[in-house]
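Naming follows writing order (A, B, C and D), and every chain is counted from residue 1.
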Amino acid sequence: MPELFGIPITGANIAFFVLALIILLSGVTVLMMDKLMHMAVALGGVFLGVAGIFILLGADFVGIVQIMIYAGAITILMVFALMLTQNGDETRTAQPHPTRTWLTLIFTVVFVGIIVIVLRSVQWPVSQNAIEPFTQPTVNLIAQALYHTYMIPFELVSLLLTAALVGAVLIARKEEE
Amino acid sequence: MGDVLLLLVLIPVLAAILTLFLPAGSKSLIRGVALVGTIIPTLFAVVAYASFGHNTTGFQDVFSTTWFTINNAFSGTPLAIQFGFAVDGISMPLVLLVGVVSVLAVIRNFAIDTRVKAHYFWMLLLIAGLYGAFAAADMFSFFFFLEATLVATYFLIAIWGNERRQYAATKFLIYRGFASVVMLAGLIGLAYSFASQLQATTISLVVPYEPNYLTLSLTQMASVVGHVNLPAATQGGLFLVFLLAVLIEEAFVPFHTWLADTHEQSDTGTNMLIGGVLMKIGLYALIRFAVTFLPQGLHEYGTLVAVLGVISILYGALVALASRDWRRLIAFSSISHMGLVLLAIGSMQAIGLQGAVFMLVSSGLLTALMFFTVGAQADRTKTFTIGELGGLSRPLPVLSGVMLVAALGLVGLPGLSGFVSEFTLFVGSFARFPALSIVATIGMILAALYLLFAMQRTTFGPQKPEYAGLKDARAIEYIPMVVLIALVIWIGVFPSILGDVVHGTVQAIAARIGG
Amino acid sequence: MALQPFLTLAAILFGIGLFGALTKRNIIIVLISLELMLNAANINLVAFSHFLQTPNIAGQVFSLFTIVIGAAEVAVGLAILLAFFRAKNSADVKDVNLMKW
Amino acid sequence: MSTSFLSFQTLWSLMGPELVLAIAAFIIMLYELIVTGDAKKAVAPWLSVIASIGALIFAMSRIGTTVTTGVSVAVVDDFGSIFAILLLISTILVLLFAIAMKKRQSLPYEYSYLVLFATVGAMVLATATDLITLYVGLELLSITTYVLVALYRKSPRSSEGGLKYLIMGSIASATILYGMSFLFGISGSTDLSTITVVMQTSFTNFPGLAYLSLALIVVGIGVKISAVPFHLWTADVYEGAPTPVTAYLAVVSKAAVFALLIRLTYMAFGAEVHMWYGVIGWIAVITMIVGNFGALAQKNVKRLLAYSSIGNAGYMLIPFAVSGLVKTTSSFTQGLSSLLFYLFAYAFMTIGAFAIYAVVASHEQSDEVDAFAGLYKRNPWLAGTMALFLLALAGMPLTGGFVGKLMIFIAAFNAGQYWLGVVLFATSVVAFYYYFSILRAMFMTEPKSDSKSMHTPAVMHIVIVLCAVGILWLGIFPTTLSGVLGNLHWFA
């Protein structure tokens, strides 16, 4: 198998690196861009890239949900919100405090660095080459888990969605004078 | 007889609650309730004194009831939080002191006319707290009543004080609050070390002791104290904790700044209670907890205690010498006299400890008398500043005379209580710290200097014209003066009225500390 | 394929999200950053679900819950923002400074 | 997988009180759709009060029962039941408080079921034993409280508080979730009892990962309970929120997240508690210090109480830090008892103080300490009860606040952590300064406005009386609660 820097060049690996690149570049772009449309595209890129990662990991159902909810609904919602609340195309109207930004940046880099170091130090007790770990389609498994083991949280989520929905409507509606 | 001590606390509290239900306008009625609510406990205190058994060295008149329990507080055994009251030779004189000063302070503050109801409410709570703190036979009860005095005194200063009362009250609260916290840490720490030591030894089976090791009850601890030898390091550490608490509590150097502010800003009756009684609690606690239960700690740090005492004696005297305000002068004089008590405790002699208890009582009576006469003068002259007074012996012969007696008492004139106290105290301290004691006597010379100097400026000299028409003591003012002077002379002439009570207990403690 | 690259990717994405959430002044971008953090956690969950010694679907289920909750969070966030926008006529975090941060 | 569907019976036996609240919430929503006019505004909140009382009675009846059968995402044990009782009592008080708010400041009546939803989430945090369920419960509580904080739509401060709370809360949730994902990665399960077993060895096998997971979870929870240094949002959010909601945040949210903290960290990381309790101890110390010193600078009473609640979070962290330390069941039990006792006392004194603040602030149109000037003359009853709550917060004897602190103090000494106990009481002395500043304003200054009476709604009197009786009862007859706590079998 051909290798690059000691990593075997397989379809999965190539896919991972492409997706990772898309996610991280888009992620940075979301935070850095001035133009609204660029940001919207980048946001979609992150969410779609994550969906790709899910599918790569064999979680096709979760991937599809990710595309529908995040890449679809939330991105659109965010773009609408941005357009509604912004006069013009600029998203960056005020510069944050530079010192605080730099301190946060250093803090974040150190934080991520520690996590990565910890991760690299771990010998994972994992099944290394299980490309298809689940014998059944994941949808079946998820459905079974949801309706058996995770029935209670499933019902709680319905409460949560009701509360969020009612709350959002309650707060966002116009005054009835 | 145990219920007598409970009544000492209960009656003022009930009287305080009763005042809440009286109409604010009927001031005489409120004053009457307050007076009755303090006289009855005083009578009970006298009853307790009269029936005091001179043959036992331990606690008498024990009353104890469990308030609540904290489960699994130590090694799976519960801790019973109790209300326990008892007196021994050390607390009995101080309970009497509360009895005397509280009645006189209540009478004195008949003069207060603003928010009378609230005033006597807090004053009665303060008196209950003072009784409780001295009569407590349980470390929790002691802390409980100490906190009660804290809140009550805060309100008394902050509402009825002078111009800078808020500042003084807050300062009082924070300093005494910290002292209470350190004290609590010491008390609980003592109880825990005691419990672990008790668990390590097996004697718990032979003594009449609750099955649980951890206790805050002094009577229970006293019953096994002979069998429990705490490690020297523990004793030393705990002793320092108690010492720190007492230094803050008693306004010793370097924590001395709050007392003068407190006295300067408080009204006269409150000053009598603070200076006469409240300021004795700390040293009482040092003897009651640290000296009794931590003899090795005292051995290790006795010299430190004595040195700190001498520093406060001299510093207090020097600042008193420079004071321009009578109340600040008395405050620093009191710090100076309390330094003597520290010196006596450091000396670890039975006779010294006896002198220390005498000094607490004597200084309490004399300080109260001093504040009373100074306050009575200021009622007439509208000033406490020594420099503005002068020639008062002519318009106010009685008040000036009483003041002179109080000052002579503080100076240590033979025949008055101050002399007996200082004499016994020095007898003890010379035995162990001759050099330090000689230095301490300088403080006594300074006391004579600042008191007589201030007296001379106030009462003698040319009479200022604006003070010409002042009226001397009214009938009601004779009560505190006569009572206090009578007691000061009585103790001075017949020291045995206190000595018989104190002697046994002090001997027992001294035997334990091996002095 | 191995587990570590996925976890590393997630860690970096979490970091980007955290940085955005803590520094950005535009509240909508802050909300987006929060979603990035949730996405990072989801990558972790799904990756673990896949690579565990005994693969467990629970990770995927967990990530589904997270996605749904994230959407609810965004909805509430935008609703509050809308209310705030009505009151202040701005969607910029620099106006969210009536009180000291 | 041959497990059957979750039967209603199982659900009822497992989450009965939660179910009562949830069903009541939906009924109130339906009622609100059917009935029109002002009647519903008056009735709906009372319906939630009744539902909460029902759930409370149910929860009380479950003390001593243990249910672990059926699905494994939740258990009924005394830990969950006692927290449920605490949360429900607090919820009832907050609901009454909200009902008593004056017309001008009344909340939109929808709060009556939103609060129930939030309380369901809070109770789930105390009963769930599964990562997914815990996370969902946490978010149910959090998202609902974001809405509650922003409930004054006309007030930019309220919306702003809601936004801040949402941002900080979501960062915290995401951090907790991220930490949970590692926990799932190590153990391969979301079930806490499985995790407990796996984590016995994982600290030696994957120390880095275990501590990383612990750190992320503790930091996230630290934000939620406003432990220092994650407390910066607290004062702003507390100030912006409607006062009953502030009380809800300070009491119910905080208590529920403490339940999460204890259940999650002790089950997942309890094996190595002696390795990390010290860090918690330090967090407790700086939280006590920063909270109490921060309050010194505040003139605004709501912000003052916010900082005071930060300091209180520090006190409550002490039993958590030490209770696992001495490896005997008895000391562990004593630690938990002291925490629960303090939480009960804290609930009464905090809600009571906020209630009186709400009356005074709305009457005076001012949030400052000065608004309390001369209260003893205008309304001695309010001044007296406020004094009681403040003295309780300051930890004066005869109040539940003192007994709670004493119990925590004993817990610290019992574990040999004397310094924690000393800092607890030493910072309480600092707290004297600002609590007494309100007392000073009430009793020692003259009233500013000459308006004589201060009208207090009748329901507010009920809240105040309940809180005052509660705090005095806990202070004078502590055994009634501590005896119950001492006999609990905490975990199933």
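To be clear about the criterion, a residue touches a chain if its C-beta (ideal position, glycine included) is under 8 Å from a C-beta of that chain, and two chains touch if they have at least 3 such contacts.
All of these numbers come straight from a predicted model, not from anything done at the bench.
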So, comparing C-alpha centroids, which chain is the farthest one from chain B?
A
Chain C to chain D, mean C-alpha position gap in Å, rounds to 26
CA centre of chain B versus CA centre of chain D: separation in Å?
43
Find the geometric centre of each of chain A and chain B from their Cα atoms only, then give the gap between the two centres in Å, rounded to an integer.
70
Distance from the mean Cα position of chain C to that of chain A, given in whole angstrom:
7
Using the touch definition from the top, which residues of chain B touch two or more other chains?
none
By residue number and range, which residues of chain D touch two or more other chains?
132, 136, 139, 143, 146-147, 150, 153-154, 159, 162
Please set out, as single numbers or ranges, the residues of chain C touching at least two other chains.
7, 14, 17-18, 22, 31, 52-53, 58, 61, 65, 69, 72-73, 76, 79-81, 83
Output every touching chain pair, sorted by label.
A-C, A-D, B-D, C-D
Tell me, which parts of chain A touch chain C in their complex?
10, 12-13, 16, 20, 23-24, 27-28, 30-31, 43, 46-47, 50, 53-54, 56-59, 61-62, 65-66, 69-70, 73-74, 77-78, 81-82, 85-86, 91-94, 96, 100-101, 104-105, 108-109, 111-112, 115-116, 119-120, 124-128, 130-131, 133-134, 138, 141-142, 145-146, 149-150, 153, 157, 160-161, 164-165, 167-169, 171-172
Chain B contacts chain D in the complex at 67-76, 78-79, 81, 118, 143-144, 147-148, 151, 154-155, 158-159, 166, 170, 173-174, 177-178, 180-182, 184-185, 188-189, 192
Quick check: in the complex, which residue numbers of chain D touch chain B?
328, 330-331, 333-334, 337, 391, 396-397, 403, 406-407, 409-410, 413-414, 418, 421-422, 425-426, 428-430, 432-433, 436, 440, 443-444, 477-479, 482-483, 485-486
In the complex with chain D, residue positions of chain A that touch it
114-115, 117-119, 121-122, 144, 147-153, 156-157, 159-160, 162-164, 166-168, 170-171, 175
Complex contacts: residues of chain D adjacent to chain C
131-132, 135-136, 139, 143, 146-147, 150, 153-157, 159-164, 166-167, 170-171, 174-175, 177-178, 180-182, 184-185, 188-190, 232, 235-236, 239-240
